[in-house]
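In the two complexes that follow, subunit A is the common piece, with subunit B as its partner first and subunit C second.
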Partner chain A sequence: MIESKRHRRMIANIATYVVLVSLSVFCIGPMVWMFLTSLKYEADIVTQTMQYMPSRITFDNYVAIWTQSGFPLLIGNSLVVTLLTVTICVVTGTLAAYAFSRFAFRGRDRLMLGYLVVRMFPAVMVIIPLYVVMRGVGLVDSRFGLALAYTSFLLPLFVWMLKGFFDSAPRELENAARIDGSTRLGAMVRIVVPLARNGLVASSVFIAIAAWNEFLFALMLTTGQGSRTWPVGLQLMVGEFQLPWGVLAAGGILSIIPVIVLFAIVQRTMVQGLTAGAVKG
Partner chain B sequence: MATLSIKDVRKSYGSVQVLHGVDIELEDGGFLVLLGPSGCGKSTLLNMIAGLDDTSGGDILIGGRSVVDLAPKDRNIAMVFQSYALYPTMSVARNIGFGLEMRGVDADKRKGAVEDAARLLQISHLLDRRPANLSGGQRQRVAMGRAIVRDPELFLFDEPLSNLDAKLRVEMRTEIKRLHERLGTSIVYVTHDQIEAMTLGTKVAVMKGGYIQQLADPRTVYERPANMFVASFIGSPAMNFLPGQLVREAGGVRFEASGVSIAMPARKPAEISERPVILGMRPEELKVAARDQASVTGVIDVVEPTGPETMVTVQVGDRSVIARVPPRFAGQRNETIFFTVDPASINLFDPDTEQRIDI
Partner chain C sequence: MTSSASRYLPFRALGELSETRYWMYLLLLPSLVLILLVIAYPTLYGMAISFREMRLTRPGLDGWVGFKHYAAMWSDPVFWIALKNTVVWVTAAVVLELALGLLTATALNRDLPGTKIFAVLILLPYFLPNVVAGHMWALLLDPRLGVINDILVRVGILQTYKAWFADPNAALAATILVEAWHGFPFFALLLLAGLKSIPEDLYKAAAVDGAGVAAQLRLITLPMLKTVIAAAVILRVISLVNSPDLLLILTGGGPGDATQVLSLYAFQTAYKEFNFGYAAALSVVMFVILMVFAVAYIRISRITKE
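Now for the complex of A and B:
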């Protein structure tokens, strides 16, 4: 009886691990494959028989993409656009989320719902009117314009996330601060924002990653080298007759490094923030 | 120190009115307790005094100065919250000194004031800690320290003891009373605990449904409640109510009900009409007596010794009455028991309006 119970539990464990391992391979596999490809000579990439581990290692692909294409500029543009997006979202989104969390005003719930509904439309639907508007105000092919476009769909998400964190910060604390001599804004900055710090970091990283990786808007709204971001630049390296696999893989690896570094720095705070939001928000 | 005048203050949320024209005057150095069940509007009233909520009408004056248009920070008040509302990211010392910091008091002066307040509340050894590392009672003290350090005109307490365990609650209650006597600052104190109201207040406002039911000193509220709500809300066990008939007799009136017959002096017996009334008497006013002196006769139902006293539930007519008798009470279930009642301690209420009737 006990024997069979243990047996059954072992089978269940094995099944669990099989599922987990296959999912992990499915998720991590492409990245490992990309990394391995980036270390191969061009001749070793397209071969008759599949070569999993590179027989010779080279860093030529990295040198090539960094020196022979506009890749540093692409990364620079992506950095600027991401920073701008995060700054706009943090400044306006924090104030908006606070207002949504603390003030009861007419149409508040509908407005919040509207924010959600905006997220439900596919980006493709928004992109043509957005392009027309951007062209009208002369913001096509500018990094600021692209950041604004990102804000249009990331800000609602940011406000929603942050509102949850603000909701879970006790009102009595800011009431105490207001009686102690703060203005409403002062109480928000001094008391509520430090409390929601983890949530703020989590939400900011979330939109930073989304802005960093965004492709469609960047493709449509940038035309020249001056504002093009790395996902678009990388895609444009795919020629009609030529596919520089090694260089593309190296570019891919380089462009996820900032995300990994960012995540490594804020990971603890971010996970705390996300779980806090999940339970209380 | 300052007086507090609340004049015809009203509050509504949309079409729902939660406070109906409240009038309260608190003397300089007084201790006003707002007492009532949840949803009676007491916390709303406190928040309006603090400026955290807007009034929908009426005026609030602190020290003779109208404050309804002032921001909370400009009202010169300090507040202690139910959850203590200590700033979790700051040390205890900074928590206490935050109000002074906001008012631009320089660091040395601030440090001195914080240390004085901490000494008064015996929390000097906690100044470097974070609120998360304090016990409930310590947090409560820090919250009070934050209030007293600024030396405001008026203290506001919003159910400050309700998160503490029973023993600590009694200790802190004493502490608050001592603090009030020492500082002499006027206090408005919200609670739903009638013991806190009785022990602390110089004035108690019993509230229900957005109306003040009675505003008086604790003794009057206890002994001469304005209506049956106040009578039943204050006192534990609650006041006994017995419906019966008021009849005139020579030299006064008499209350008659099944098992009850009490003669009462009346100032003008001729003006009193014979009518149905509800008699209210506190459990401690029922004194066990001999049969020939009895004004209340009943049958013992339950005897509950609590240590310092014994509660006896007695069936009087078709009503249950609780008497608070001395600890070594020897009566048994189903025995007949007799009580006398001091007529002066008796309250009469109108059965329809539930308001007090004075005779």
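Now for the complex of A and C:
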């Protein structure tokens, strides 16, 4: 009986590892292949017999994407747009998340639901009128305008995520500070926000990644070199110049490095924040 | 009053303001104004546009046309194809992602050594940009130099390389595969959190009563996960219906209209043809369909819970 139980457990463990390894290969394999492609000479990519491991390695593709296209400019624009988006969300969203987390007031639940429902609005439905409105006030083709557009779907997300983190920050310290004569503002800035620091960082990283990756709004709302972000730039390069595979792969690798680094650093807290809402119901 | 806050006058004024009963409304004000400005107003304006003629290429054409766009949609064959493709694409992708997500979450939940590293590797695709995911898979499935074609030919499943995205019969399936790769970690993430919230005692009690693995899955795991699954499915359906990004990059709706979905059709109508009125009408219809689905879905999943 015990023998067979141990036996069964062992089989289950092996099956688990088989599943995990296969899924990891499925997930990471394409990225590894793109990385290998970025190191190959074009002649080794377009061959009759497939080269699985590159027979010789080159960094020409990286040099090409960085020097022969506007790639650094695109990356710079993306960086500015991402930072602006995060700044807007952190400044306005932290206040809102704190209010939702700590105060009971009339219409609170409705308002929170409202923040959730706006996420259901189709991007396309918002993009078209937003383009018309922004063209009217001169915000098309502006990095600030794009960041503003991003807050339309990222700010509600940020508020919901951060509210979860504020909820789990203990109230005792805050109460103690209040008794010691601190104002509500003082308690928020000096006690609650530092307590929810990790959550604040994780929520910010999540929206930073989303803003960095965003494609559709950027395609519609930017037309010139001055504000174009890298996803749009890369996509247009593929269309216009028939970008060689190796160069495209190098561009892809360069642009996902920040995402991978940020994800690796805060993944645990971020995952916790993303799942909290759904599990609680 | 603490010294550092009272040193500066503006801070002190704000601090005093924070003691009034309007404080929470003041905190909410900035984000509320922003959301009204960038979502609520454009949305209402977009609904208005759908009843107007608005083509940026022909500024002379302007004015109210009532339900003209909606009537045109009724007799637009592309609209019906896109509607059908949307249903197929979303349903297939969600089912596939849910199945893969459940498998992943169950495996990760056993907490064997090394699980943390596997979790990071498996979750990563969800955070990758559509543009990179799209081109990566275009490279993998390329008709001339795609490694997946090469493997399938070597194994003997395919006779020759296949042009996945150019074949009207395979294109939609191929894009569903890419979408599943990109999206299933989302399900894994939520389902894993759901699994972790099920008390261990339930399984112990069931084991004592002689319930096998299958019975435990059917009687404990799935019922306990019901809310999480319902939430994950609705969130995913919404985001899939709304985002044409991946299809725009992979196929642009082609070949023919084989991978044309509503969101992509609406976007291209605006972006390529500058026919904003018709595009707005398309997205309004899409939104209404989504809302009806969401409400019905939530009703049904509530009823079955009770």
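Assume the second predicted complex is superposed on the first by the 248 of 281 C-alpha atoms of A that agree within 3 Å, B and C clash if a C-alpha of one lies under 4 Å from a C-alpha of the other, contacts with A are read in each partner's own complex, and residues count from 1 in each chain.
In this section, contacts are C-beta pairs under 8 Å (C-beta built on N, C-alpha and C of every residue); 3 or more make two chains touch, one makes a residue touch a chain.
If you're wondering where the values come from, they're calculated on a predicted model, not measured in any experiment.
Asks: In the overlay, work out which of subunit B or subunit C sits against more residues of subunit A.
Replies: Looking at subunit B versus subunit C, the one contacting more residues of subunit A is C.
Asks: Could you tell me if A:V137 is touching subunit B, subunit C, both of them or neither one (first, second, both, neither)?
Replies: A:V137 contacts neither subunit B nor subunit C.
Asks: Once chain A of both complexes is superposed, is A:V261 in touch with subunit B (first), subunit C (second), both, or neither?
Replies: neither
Asks: Is A:L155 touching anything from subunit B or subunit C once the two structures are fitted on A? First, second, both or neither.
Replies: It touches subunit C, and subunit B stays clear.
Asks: Touching A:L111 in the superposition: subunit B (first), subunit C (second), both, neither?
Replies: A:L111 contacts subunit C only, not subunit B.
Asks: Please indicate which partner A:L95 is in contact with in the superposed arrangement: first for subunit B, second for subunit C, both, or neither.
Replies: After superposition on chain A, A:L95 lies in contact with subunit C alone.
Asks: Given the touch rule stated above, what does A:I179 touch, subunit B (first), subunit C (second), both, or neither?
Replies: In the superposition, A:I179 contacts subunit B only.
Asks: Between subunit B (first) and subunit C (second), which does A:L20 come into contact with in this model arrangement: first, second, both, or neither?
Replies: second
Asks: Using the touch definition from the top, say if A:I57 reaches subunit B (first), subunit C (second), both or neither.
Replies: Neither partner.
Asks: Just subunit B (first), just subunit C (second), both, or neither: which does A:I191 touch?
Replies: Only subunit B is touched by A:I191; subunit C is not.
Asks: After overlaying the two complexes on chain A, where does the subunit B footprint on subunit A coincide with the subunit C footprint?
Replies: 180-183, 186
Asks: Okay, in this complex, where on subunit B does subunit A touch?
Replies: Those residues of subunit B that touch subunit A are 50-52, 71-73, 75, 77-79, 81-83, 85, 87-89, 98-99, 102-103, 146, 150.
Asks: Which part of subunit A faces subunit B closely enough to touch in the complex?
Replies: 170, 172-173, 175-183, 186, 191, 194-195
Asks: Which residues of subunit C touch subunit A once you look at their complex with the stated criterion?
Replies: Touching subunit A: residues 1-2, 5, 11, 14-19, 23-25, 27-28, 30-32, 34-35, 38-43, 45-46, 49, 54, 100, 103-104, 107-108, 110, 112, 114-115, 118, 120-125, 127-132, 135-137, 139-140, 144-145, 147, 150, 181, 185, 189-190, 192-194, 197, 227-228, 231-232, 235, 238, 241-245, 248-249, 263, 266-267, 270-271, 276, 279-280, 282-284, 286-287, 290-291, 294 of subunit C.
Asks: Where on subunit A is subunit C touching in the complex?
Replies: Spelled out, the residues of subunit A in touch with subunit C are 12-13, 16-17, 19-21, 23-24, 26-28, 30-31, 33-34, 37, 45-47, 50, 52, 88, 91-93, 95-96, 98-100, 103, 105, 111, 115, 118-133, 148-149, 151-153, 155-156, 159, 180-186, 188, 209, 212-213, 215-216, 219-220, 231, 234-235, 238, 245, 248-249, 252, 255-256, 259-260, 263-264, 267, 271, 274-276, 278-279, 281.
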